[in-house]
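Here come two complexes built around chain A, the first alongside chain B, the second alongside chain C.
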Partner chain A sequence: MFKLKYFELFRTLAVVLIALLLTMLFIALISEQKIETMRIFLTEPLSSKSHIGNVIEMAIPLMFTGLAMALLFRMNLFNLGAEGIFFFSGLVAAAIGIQTGLSPFIHPVLAIAAGGIVGALIAFIPGFLKARLNANELVTSLMFNSILLGVGLYILNYYMRDASAYTTSSYKIASSAQLVRIIPGTRVHIGLLIVLVFIALAYIFVYKTRWGYELRMTGANREFAEYSGIKTGRVIIYVHLIAGFTAGIGGSVEVLGMHPRFDWVALPGYGFDGALVAMLAKNGPLAVVGSAFFLAYIRVGAEMMARYSDVPAEMLAVIQSAILLLVSADQFLKFLKNRMLLKEAEKNG
Partner chain B sequence: MDRLLEILFTTDFAYSIFRVTTPILFAALGALISNRAGIVNIGLEGIMLTSALTGVLISAYTGSAWIGLIGAAAGGMLIAAILAFFTLELKTDIILGGIAINAFASGGTVFILYLLTGEKGTSSTLASKMLPNVDIPLIQDIPYLGLIVSGHHVLTYLSIAAAVLVYFLLKRTPLGLQIRAVGENPEAAQSVGVRVKRIRYIALVLSGLFASLGGAFMSMGYLSQFTRDMTAGRGWIALAAESMGRSTAVGTTLTSFLFGFAQALSNALQLLKIPSELIQTVPYLTTVIGLVIYAWRQTKKSQKGG
Partner chain C sequence: MTEAVLEMRNITKVYPNGVVANRDVNFSLVEGEIHALAGENGAGKSTLMKILFGMEDPSEGEIYLRGEKIRFHSPQNAIAAGIGMVHQHFMLVPSFTVAENMILGMEPKKGVMLNLREAVRITEECAKKYNLHVDPLAKVEHLSVGMKQKVEILKALVRGARILVLDEPTAVLTPQETAELFEELKMLKQNGHTIVFISHKLKEVKAICDRITIMRSGRTEGVFAIDEVSEQDITRLMVGRDVVLKYEKDERTYGRPVLRVNGLTVTGAQSKPDLNNVRFSVREGEILGVAGVEGNGQSQLVEAIMGRTAGVSGAVEVDGMEITRLDIERIRSRGVAYIPEDRMRQGAAGSASILDNLVSTRYKQNDWNVGPLLNRKKMWKLSESLIEAFKVKASGPAQPIGMLSGGNMQKVVVARESDANPRVLIAEQPTRGVDVGAAQIIHRKMLDLRRDGCAILLLSADLNEVLELSDTLIVMYEGEIVAYFENPSELSEQQLGLYMLGMKRQDAEQIGRAYHV
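Coming up: the complex of A and B.
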């Protein structure tokens, strides 16, 4: 019999297991070579250095947006603006990245910092409106996603577009702005270290500082926190600033690390994926690493599966939504928890 | 500028406002019903997309556009029912549930399309049917007006009928009263014997029904096939319309038409090489401004009161 405090972990693992079983079921129903397809999905991401590299590359943006969403969710703030900020900050970083004549250290630092600051400024707006006017942050942030996409596409098409490129994309990002590769034989870039530093800092911030304490108190019960002297409006604003900064850095790092040109013509989806990462991590900063890597792993698995077998990668969308629905379902497996509580009470009583 | 006025004052342009408003209005009515029951359904986009696909598939396999329409409605209501089950029974957060539905629809529709046709982008290989356009007798013969209000898609007329229906449903029927009661104060509603969970199920499934009619219009009217991510943010515009319409049937309908106008305008301006990217942000910008003004006035009011 395992302990009650591990229940949440157990439940998350149960969701992951169900998701994997569901995947296998789909493959069994669809594929002509079932066993081979399952093998590709499960083991191909680990089969070579470059495939492992793919998993790490994929995990980097997911960690950034997952962390941003975890901070907001912890405050019980349903702000989904990370999606638009990730896109727009990526564009800002690219706008600086396509300039030439800057030195290889200053250039990416400048571009990433600009992306982060723009992200924080954008996030400030719904944060301020929520804190001061109690305007619904969900609706405002969703509207901002669409506004940022429109404005971003306008800037891309009218000021940054390279007419000689075959698709809608910006001029090439200067080599001085591209992020350094840190693992030979892969495309894993220095963004990995940046995001890990962010996660460590976020952990210290949330659990070891006064501001983090205020954040946790406000998230648990805003009225009670206000009553005990915490200026919750201020907390809402700085959490928005930090989350926007994180998502903005994430978008900048992704563009400079992985894209030779800026070529997003739609919202890239990492913000919404961040919601899934945060939920799997139960909004814990450190657990974001694990859940981002899990998600990255099954994504690369699905890509490999699409490449080497007859099952399309879009299958993963079904799996991902099942994970999100189950992992955020309070009542899922609750009966087990209740039974455990009862047993423990009987034992102690 | 002259060219612009020339375009705006044509019967074609006025006609096109009705056409582009149709899916927005349907989805906004869906947003309205669930919102009045206290549930923010952000899965509208996904519900529309799924029903756009089911409509095409069922009409192609049965050879009947009308059975296709029923299929689209059934698909949308099924997705809404799944969302309702997770949020009402398993206590999944409704926002995360909505994100999940959207993610499912975006990839899942392509997945299903691929399994059935081997294509990933469009359903062009399927011989799917379109719902007809309807000429209104007498009115179609009136100069100008006939060209604007007659000859529309059958779902366009249905969308306006649906707006009237929703108005009366919320205002004049016991179900509407219960929906509003549940949305305003679930505990109070419960205490006078309203079955809160049941009402929310009904509201969400109705919301799915309306959104799915919008989806059916997309693939069996606006276009003649399903294409990947074809709803292109209309579910979000619908949320904006509902929000700016202050959660009333009349307000929601008017803002839906306003946003339809903005979109028709942006389509027309593309001909004039005016950046349509910026014009497409107008509905969202106006919504944010509207929300801010409303929230600001509410705050002032409560400060005065307290």
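Coming up: the complex of A and C.
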């Protein structure tokens, strides 16, 4: 059983390796200074404190959305609403963040909590529609993304926009609302601790509590769960609430931690990246950490590469697509699994 | 021996979820024989036939047809090569006529229009040739199961099948229909067709087949001429040991009625109700069997009792408390346990561990939780003891249940449902498709529950099972109870068959005895 148990991990590592090799291949084809570009891509993100800081900063929102997605995917719910929620909850947090006169402790807590609650409320709608009317959550959540962007931009333009700023952005977020930096010399903020606590709680929730058990059984076989006496409609709704809350907190933390003003005029993309993080993590809450850090690492690598070499950052899209394709392809390395299974089977019988 | 018309050599098949369905299997057919393929469910019969019919790719191994190596990529290839398959669940379009179903995919044309007259002619000609009488203009949805099966067989024949695979053809037939099918198969054999007959009903295998290939847990256990082996031999090879399906039952002492069903009516999609005024009770320590051809309201009855159907009138009571409009959770909390018909769909979550599958009905109760957390340690202990008590072949509580064989999976389901001292057990096909060994363990557990005063409602398509286990018996036909017997062991299968087919019916007073106040 040993080998089989670790097969998925092995497969994921193989996917990562192939994606990296593919990147090297493309660099070799495009770049004038191949070796140097490869070095920049691979080592630059880890070369200095501030670069490592960049990786961590990038990983924080990815962990939030990755976790939200992992919970939904575990239920076989292909809800991509984390994207819109991340954006809109960020806006809500900013709306509270631009107020003044609150104490430096209460202010961020209030802003983040508001973002989380708004996120949960928004996620409730596709969840409710799915549980009661069996409305496809992929469709409803994607439509919600557009609605949230439109409504959010309206609010930004008409209620929060700072006319003195050169771009479309809100008033400055009050310093009392900004998140504390925890590693000197970087912009890494307290959001890192918040997300790690969330992940630990999610792990305990999923594997150790009765509600997590309901979630896992409903995800594994809804009809079976139903016949065992689990109210699966309720499970679908509370998983949506938790996922929406998580994504909402993520958006709020990102805005208060990294942005002097709210300046997103398009969906930031973290929600969709969260889907990739969750898939790479095989929907395991703890694995989301590794998966988000890996993605952050190659993103920062791609940024550095764009800055210091002749290969553009769009390279990233190629790598991400390759990962997504390989992770979701059931057939990939299946022959190997078959062989292992065969061997295992021979041993048993 | 004459040369093999078809040979499958060293076939191995591993499914992506890790199930090894076939391991180094050899299978060959001689022209013009009826060849039985026997084995418990999960032994790999269906997989082997799916490979033969081009529905699955073998992981390893080769197939030879008349000495030539072949490789099917789809059922179309197999059909073109003269192999036909009659699936357990019929592949017919219910709203089409027989003739339309026959020519589906090979429609005779008149210009761009479908030539229906030609279709009818083809059907009639084929029916005549093989002496399988069907009405080409009848709609399939109006046909009996036996007739549908004939249409399926004809469908394969009209496509030029010389080798015909029948997957458990008698599972849904009454004894009378089975006899008819056998006559037809003998005719086909005389015409030179080769037939593969998949079944675990050994009497039937002995009655009609020439040779038998026996499979057990994915391997071939041997090929025999049918008169070389006795039923006991076959069973032993299928199970790996001797089994006798006879049980010592205690003197029966019924207590108060626990489950009472009164005037239960379920309106269906058709004009006739799915269930019509069903009235019976099950007493403490009683096993009430429900016999009937599948599709005569048994599953609607179970769904209505378990609160899964809308449009129910009448009452279901457990210990005098009405449960008719409760949800499953509340019904279960009244002491109702349920072994569902389809373990893969309602009985278990394949990718979840044995432990998770064992606690699904009680994870919520206080004694399985410590504060907000589940008491995993206690659950682990429970799983270990149940795995041992039911002799489940597994590596441990953490193993995904989907990796177990059908019989072992069913044992886990039964273990879960029987362990919490239920007041009522609804057992729907509790041993369908499991090996005799597992069936025995399950039956014994049911008899233990009976001794402890549980009221058991047993629904099964397996007449042997119903007759052997039941204390009392009702027969269902078209959504109604048509007979009640207080001593089913005195009945013969033939007598029962008459009631199951709706040819006989007791009077209201006799049927009324099924309900105890």
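FYI, the second predicted complex is superposed on the first by the 347 of 349 C-alpha atoms of A that agree within 3 Å, B and C clash if a C-alpha of one lies under 4 Å from a C-alpha of the other, contacts with A are read in each partner's own complex, and residues count from 1 in each chain.
Just so we're on the same page, a contact is a pair of C-beta atoms (placed from the backbone, for glycine too) under 8 Å apart; a residue touches a chain by one contact, two chains touch by 3 or more.
The structure displayed is predicted, hence computed values, not measured ones.
*Asks:* Please work out whether A:Leu67 is in contact with chain B alone, chain C alone, both, or neither, and reply first, second, both or neither.
*Replies:* neither
*Asks:* One more residue to check, A:Phe224. First (chain B), second (chain C), both or neither?
*Replies:* In the superposition, A:Phe224 touches chain C alone.
*Asks:* For A:Ala114, select first, second, both or neither according to whether it touches chain B, chain C, the two together, or no partner.
*Replies:* In the superposition, A:Ala114 touches no partner, neither chain B nor chain C.
*Asks:* With both complexes superposed on chain A, which partner does A:Ile298 reach: first (chain B), second (chain C), both or neither?
*Replies:* neither
*Asks:* Quick check on the superposed pair: does A:Arg210 touch chain B, chain C, both, or neither? Answer first, second, both or neither.
*Replies:* The second partner, chain C, only.
*Asks:* Is A:Leu129 touching the first partner chain B, the second partner chain C, both, or neither of them?
*Replies:* first
*Asks:* Return the residues of chain A at which the contacts from chain B and from chain C coincide.
*Replies:* Residues common to the chain A contacts of chain C and of chain B are 330, listed in rising order.
*Asks:* What does chain B use to touch chain A in their complex?
*Replies:* Counting only chain B, the residues touching chain A are 40, 42, 86, 89-93, 95-97, 99-104, 106-108, 110-111, 114-115, 120, 229, 233, 236-237, 239-240, 243, 275, 277-278, 280-281, 284-285, 287-288, 291-292, 295-296, 298-299.
*Asks:* For a test of understanding, state which residues of chain C touch chain A in their complex under the given definition.
*Replies:* So the residues of chain C touching chain A come out as 12, 14, 16, 18, 20, 23, 59, 217, 306, 327-329, 331-333, 338, 340, 345-352, 356, 359-361, 363-364, 369, 372-374, 376, 395.
*Asks:* If you look only at chain A, which of its residues touch chain C in the complex?
*Replies:* Per the stated touch rule, the residues are 1, 4, 204, 208-210, 213-214, 216-217, 220-221, 223-231, 330, 334, 337-338, 341-342, 345, 349.
*Asks:* In the complex of these two chains, what residues of chain A are touching chain B?
*Replies:* 30, 78, 80, 129, 132-136, 138-140, 142-147, 149-151, 153-154, 157-158, 266, 272, 275-276, 279, 312, 314-318, 320-322, 324-326, 328-332
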